[in-house]
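Next, two complexes with subunit A in common: one pairs it with subunit B, the other with subunit C.
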Partner chain A sequence: MPDVSPKRLALPAGPWAGFAAVLLLFAALLGYEGGHGTFLSGGNLEVLLHEGTIPAVVALGMLLVLISGGIDLSVGAVVALVTVVTMRVYTAVLASSGSGPEASLTAVAAGVLAGGLCGVANGLLVTRLDLPPFVATLGMFGVARGLAVWLAERTTLAFPGGVTPDWVVTVGKTSFLNPGLLSLLILAALVAVLLHLTVFGRHLYAVGSNEATARLCGVDVRRTKLGVYALSGLLTGWAGVLMFAHSNSGNPTLGEQLELDVITAVVIGGASLGGGRGTVVGALLGVAILGLIKNGVSLFNVPVEMQYILIGVLLLANVALGRRRGR
Partner chain B sequence: MFRRVRALLLIAASLSAGCGEQADELVIVVIPKGMTHEHWQSVRRGAERCAADLLASEGRRVRIIFDGPLRERDAMEQIRIMDRRVATGADGIVLAPQHSRTMTACVRRAADAGLPVVVIDSGLADPDHFVKYVATDNYRGGCLAAEHLIGELKKRGKDRPKLILFRYAVGSESTEQREKGFEDTAKRLCPDAVWLSTDRYAGSTRDSAMREAGPLVFQFREQVDAIFAPNESSASGTVDVLRSQGLNGKVLVMGFDSSKPLLHAIQSGDVIGSVLQDPYRMGYLSTWCAVRYRLGEDVNANRTQMDLSTGEYVVTRENVESESIRGLFDPELQARRVIDVPRFPKRGAMP
Partner chain C sequence: MTAPRLRMTGVRKSYGPTHALRGVDLELAAGEVHALVGENGAGKSTLMKVISGAETPDAGTMEFDGAAYQPAGPQAARRRGVAMIYQELAVCPHLSVEANVLLGLESASAGFLKKAADRERVRAALAELGHPEIDPAAPVETLSPAARQVVEIARALLTDVKLLVLDEPTSALTQDDARRLFELIARLKARGVTVVYISHFLEEIEAVADRFTVLRDGLSVGTGRVKDVTRSRLVEMMVGRSVDEQYPRVPHTPGDVVLDLSDLAGAPLPRSASLTLRRGEILGLAGLVGSGRTELLRAVYGLAPVRRGTVKVHTVTAATATPAERIRQGLGLLSEDRKEEGLTLTRSLADNVTLSRLGPLARLGFLSPARVRETAAAQLARLGVKHRDADQPAGELSGGNQQKVALARLLHQDADVFLLDEPTRGVDVASKADIYRLVGELAAAGKAVLVVSSYLPELFGVCDRIAVMARGVLGPARPVGDWSPEQVIAAATGGEMKQH
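Up next is the complex of A and B:
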């Protein structure tokens, strides 16, 4: 039976402190501005959840990679590639079979698969060629972005005839019952189970904490790492499909700087770039904090550049605090 | 920790509940393509001026919220901003869509929520869900550019000029219209012109324009008489290249849009002219239409008059210092302009 000690399941305090700090800031702004209570409206909660869905799905994959001691810089480019692949496949199947549902299913499968393939490629580069993950995924970042632009023939692909399938409309709408949002909840639960209740999860923490020791204890480090990148790729692929629906297009310029946003969120959520640390709840809180800042800066009409400064300061403060406490 | 968070939420909620919005104030959200171009600052000033004029002339309170993505290539962020503003409530949206198709879904969502959307600057592929299109007539702008350039060439005795059309980017609707207007008019005015190149693309930055223009100019340096570049970055890049090859002033460059360096280049004669848009008027009239629609007026004659053109003007060495030209971009002169507004009947009053 894997270890389910309370310490491992305990929520990291750092992300909660960050969350509280952001709420406090916007509460102060509310008092200062007066009158504009839109930030706290139910409609905005829906919007916040909607905006957070894609980065949260990517963050789940990034969390796995960070726990293993790696990093994945290719996620933003892979998301863009997935949107283009999905649209290309959708258009091709629709043209040949004329059936919307068939085209949609094939396209979604192709999109997720494309993400998975990029992940496997990352994993092979890291485990077979022994490339540092930073370099391997930086290479994939370039390759995927380039492929996306090439496949899209340097433009943005729209739905053939301008007819958007119903499921894309549904996934694009902000709602508490958005299928993308529900899929995030399921995936988050699955990743949490994977991390805390399976042998793979235990191996993952072991590899991230100390690779040499893990190997000595009989953990197949290569296989674990390959699995991590493949899973991260599949999750990124799914995020790409959601992005395809949210943006209503196959667009090779989407997802720029997504990797940095997601790494920031996961690190604010208590994961360590050194590996071996991190939880699903922490990662989701990190995404929520970033989302709150972006949304709040926009709705309170704070100059948009403040959002970058706030996020930067928060990241530094959070990690510095975590380090002090850890000492 | 939980308790503390909950306490914070309670404080925030009570604060927001305490002070309600003024009931008669209309909130218009202006969403530009990006934040880092002077063009959008003029749009913003125009929108705010319209709000000030509405308050002064009929005592109507209009609040302008200017909220856009930082970068012009961030369609996802623009969609997010639209959804955010629709969900949190506004009385109208003025949108410069980054992409004519990608943005259709969120405009439709806004329309479904009952929010009037006025599209500015660039077209939207789905014409059924916005109430007015306020923009430059880019085709006419291209025509004006050709008229001026061909005129200048004829003044110099070049009745059979050799031309380069340096295009901007594949799929960019506004610049393609300018290129088409230029080509059509130049061919009509000067059927004997020789077109050295019409298939090279400058790309989206001054940097990429320089990279593309370098070999192009070098290849035709002995022949070319004039170059048309359909936006600011492509024109600036072209001038940079001509300067570096010592051809500035010898090859005539006609541009589109302006920036401080480009205006200096017009004064020094390195650029023969440029076509200016009127973003201030664009911001003013789009806000006007959104407000009038909100007040129950029929701003598009029952969807038969969707377009409102904001004008396009040729700037040359002779008029670059004139008040009418400087009023297009200079904030102080903009503030002194008087903008004529169209009047609309009440909705439903039409037969």
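Up next is the complex of A and C:
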């Protein structure tokens, strides 16, 4: 099939070109400024990967949603909600059972489940009430953020007694062997397999590419979409758990603008807001490009406003070039 | 003799490998109604796009009223007095009649609309077209299709139109509205406007046109006065061969009943349809566009709601079912709208062929890419689809080959009952013959075929029996030999013929 041939997996060319352009840009700056050897250091690469893990996990879910022809604006708020839920459950279970591992396991499961439930709610709004995904998830964005603030009683929740569990410390630490980073690699592989080697994936591309055709061919369009939002919710839930560990707290203000960053990254990675297009490799490259720009801008003392302009221009150039080639 | 309104010489236009126009000569006189006829895919729509400035020809010359004519776009053509009324009407449904007629032509002083003056202009235009009853203040969405068409023509009138192109203008009209349209055309003609009239209905052409030009495979193959030509001669010019070669017969005999519809009603169409379809049989559904034939197929297939009645497939009786269930029961539907529904044009041929039945190509939900590709390749080869490889996006193929891909999907599905909705729409002449042969072979192999077509010669050439749908009610199916084309048309138009 087209989507598993090496050619297609390496595609799309656009994101690779963008990635190379950004690398070249900073390499040129490196030569020009000298001295900033940290950009190419292993330590900086570790930081890049660490900071990119959460948006990348969210991007995997967003990729599925965009391929289906939808959009999910609620992911940032859901991530915040998940951190709060995780901390609440951890605190409650620890208080009642006194067992740290049991509290941790329950809390992580509750966090992922909370994300999944938000995703299912999005999916039901889209498939049962026939709301446009933009509206459904914009509503969920408000509801999730509000729930997070309410559950956290308008503060940031810390670990009870200030005692951080070991696994949270490990996941929060910048390292090539970070479990969160490893989970990203596994999830990325799973999503790629789901997209390219399963019946569900084939149906998903068909629904996003032409919903009427999918229906004609007996594809259960509703179930496919519901599945997409549920999966996206679960992935966002897992990202929320990682955020909980990275931030060491349950914080209802986390994840602001995360949805816009992630949509930007996935679109730079070759996915189309019109649906039917997008690859895991592209989405991850998109996240990497955004991360590189943010990281490089701060390391090279480039004015921070340049970061926004660069990302904006890159997005526009990428999509414009993609359309030109597509025609 | 004065210069013709429009003279085209040797006009060519290609889209990639597809040669839509291969050297067209066309001459239109001032104040004449000129019929442009040809099969789907003959190049009519491309030719019209060239005339209306939407496409630039690759080669050839055009003269308008004696001066060179090379419009840079539809706006430029419009300024020269060329207006085009497309089949899909280009009106803004939420705006008023007045706002639609005046769109882009509003008179204003200092940026403020001069409403009173404009309303008068619109009223005058509508009156001149013989439709003073249309209220300029009414939102266009409240109007009938016929009135919407008048709105568009009124817009052309305001720009001092010299050449008006009407593309299948009666396709959405009732018999009565069509008659009023012909009157309107006569008024325009009296004003000296040249009208190009595109239609599949030869009887309409006889009623309205002075001269005709026949297009076939991108060439103008004949021109003359409508009075001097017979219908069968026109058809021969359009098809380019005799009817026997165009409709290859494959012997087949009817067997058991596989599809049995009893008083089936949809919402709102069809109102009532009963039929039985046997293995090894080809049943044609004739009728006007909008009479409910497409809705019938869709209701049977589970894509449109069923209000009443029963559907029996083989031995299973179920009025409603999802498309997935119908596919499992052995039904296959070829959509009339290949681009929007029939195929997903951005996906590969292999995807398109296999999408409706991925089960046998997968284990535990995991697809075998090699088997998907091999399966699709075999079906594409069987139907003689001209393609590079199975990974090619479906959108790259020509109309005829795309239609074969859609049919390949039904073969892969292993359907028993083929519901074919306008199977040769937008398909070149050679591919049409291939599709007719395939339909015959399917019947010979014991499949049942239900064909909806608006092209009568096709129904007569291919089907064993024909039933006619009129205003949502399906008449009895009779052997094709018991029908004459005139009887089918009379049945399709119901009682309306008697009014004349």
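Everything below uses one rule, namely that the second predicted complex is superposed on the first by the 317 of 327 C-alpha atoms of A that agree within 3 Å, B and C clash if a C-alpha of one lies under 4 Å from a C-alpha of the other, contacts with A are read in each partner's own complex, and residues count from 1 in each chain.
The definition used in the following text is that a residue touches a chain if its C-beta (ideal position, glycine included) is under 8 Å from a C-beta of that chain, and two chains touch if they have at least 3 such contacts.
This is a predicted model, so every value here is computed, not measured.
Once the complexes are laid over each other on subunit A, subunit B and subunit C both fit without any clash. Of the two partner chains placed around the shared chain by superposition, subunit B is the only one that A:N301 touches, whereas subunit C remains out of contact.
Contacts of A:H246 after superposition: subunit B is touched, whereas subunit C is not reached.
Number of subunit A residues touched is higher for B, counting subunit B against subunit C. In the superposed model, A:R128 lies in contact with neither subunit B nor subunit C. Look at A:R223: by the touch rule set out above, it reaches neither subunit B nor subunit C.
Residue contacts after overlaying the shared chain place A:A214 against subunit C, while subunit B stays out of touching range. Using the contact criterion defined above for the overlaid structures, shared-chain residue A:A206 touches subunit C, although it does not reach subunit B. Once the two complexes are overlaid on the shared chain, A:T164 sits against subunit B while remaining clear of subunit C. Of the two partner chains placed by the overlay, neither subunit B nor subunit C lies in contact with A:R323. Across the superposed structures, the minimum distance from subunit B to subunit C, using CA atoms, reads 23 Å.
Comparing the two interfaces of subunit A, the one with subunit B and the one with subunit C have no residue in common.
Across the interface of their complex, subunit A is touched by residues 1, 4-5, 8-9, 11-13, 15-22, 35, 65-71, 73-76, 79-81, 83-84, 87-89, 99, 101-102, 104-106, 109, 125-126, 169-171 of subunit B.
For subunit A in complex with subunit C, the touching residues are 1-2, 4-5, 196-203, 205-206, 209-210, 212-220, 276-277.
Touching subunit A in their complex are the following residues of subunit C: 303, 322-324, 326-327, 333, 335, 337, 340-348, 350-352, 355-356, 358-359, 362, 365-367, 369, 372-373, 391, 409. Within the complex formed with subunit B, the subunit A residues making contact are 13, 16-17, 19-20, 23-24, 26-27, 30-31, 34-41, 43-44, 46-47, 50-51, 153-156, 158-159, 162, 164, 168-169, 172-174, 243, 246-249, 251, 253-256, 294-295, 298-299, 301, 304-305.
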